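Heads up, the thing below is written out as structure tokens.
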């Protein structure tokens, strides 16, 4: 298991007239989380794209427990539960920092596609980095 | 079962650098779909809010089969599969109009909350409208 | 002068906790307006991009007179005031339909760029279509 | 003059199919900038709203010099050029951090409104904080 935590702040633009963050915004925060997880392990998503591989989302799920409000600082915890084969799955938990409380959790599933849109195996170097993390953590 | 179809067009703002609609955008299209379903049965969402009831999303899921591209016309089909008790579930399918193809499907689950944020039963008049639809369809 | 009107409906996602449409949303509605103006004259923006020309925004301005609220139907009136040379300018007015009232007005300025990002002249066929409109309107 | 700099990172969600940040996104970054400027001087925007005052945008302008790309770190510099009377004006510059280059600049103008939507004077305590900054900077 590889995991990473980042902090984000709820913007006014994220809120809706219920005075809470709109539900699609969480999927954008998930993106922020997985971007930083990939950067932290040393294989930023931009490197994947530079190598001709994209990771489109093929499934997304989110459960909303408590609302996130304007100007709150949230922690997005992103977890890579297992080594990807043809698909990559990431899990997310979103916490309010003060008081500490889980607001939402979810997952995304991604396919590895080449520039023609065909499914491909994850790059070897990518898998090796992941393996080394799974062995040491 | 109650269902409703609307058409929406993919905006440039909806696309990302993969040249397809970004994944969180589908949840906004789901919102457009359920808004029109409620309007069509004669109980627009704004009436619920005027009566002091909000319907926040407590769960959302989407499976992405094919990408949606800039300027394509999409059909959002929204289905209310059964009478809500304490929660309301809506199902969605998103189709490209030309050539006709299903691009994504998903669901949202909503709670009925009053102005203090406490779960409440759906309004009687709302349930009665839904019942009359379920009986005739 | 070439002009075009479209209707859009304010989505829940567009609102913020002031219970009005968030200010950046108007720029997206401007995009919807100019997209339909180009389609109406027979030269959709996707044709420009297919010909290797992009029209990035290099300047945008908006003045907000009255708020737009959830579920309201708005009219976006887009005007092309004069023939483009190296830049294309479009003017916008956003009206609430019921009761009829101007909510906002603005403009965008666009450059014609080729695939290397260099400024180019507008395509001849594009200019000719515009000219024929200016002569007859 | 009061000024404040924050860093933000371009998200995938911010990009469009031109592979650059979509133009309305800059207005959201402006919001991030002014939020932090107000926090830094010790009068966060949430305090204004708690006191029954909102600061809706009544005018916005942005000039786009160079595109912002996915994953780039940007600096948003927000400047309050003078003491507000009935309106508050803020200026913005957006820089790419590496290599350092100005990407965009703009401004927003805000009205002070009370809960009924009527224009009011800025709160005294707010003006005094601003004055003390203008005197010492």
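As written, the chains take the letters A, B, C and D, and residue 1 is the first residue of each chain.
Keep this in mind: a contact is a pair of C-beta atoms (placed from the backbone, for glycine too) under 8 Å apart; a residue touches a chain by one contact, two chains touch by 3 or more.
None of the values given here were measured: they were computed from a predicted structure.
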Chain at maximum distance from chain B, centres defined as averaged CA atoms: D
Repeat of the A-D interface, chosen from B-C, A-C or B-D (over half of contact pairs identical by residue number): B-C
Rounded Å distance between chain A and chain C, as computed from the means of their C-alpha atoms: 34
Distance between chain centroids, defined by C-alpha means - chain C, chain D (Å): 25
Shared interface positions of chain A, touching two or more other chains: 12-13, 24, 28, 70
Pairwise touch network: line, ring, star, complete, or other: complete
Sites on chain B touched by chain C in the complex: 11-13, 28, 31-32, 35, 44-46, 70-71
Chain B residues touching chain A - in the complex, by the definition given at the top: 18, 20, 23-25, 27-28, 54, 56-65, 67, 108
Residue numbers on chain A that touch chain C, as the complex places them: 12-13, 15-17, 19, 22, 24, 70
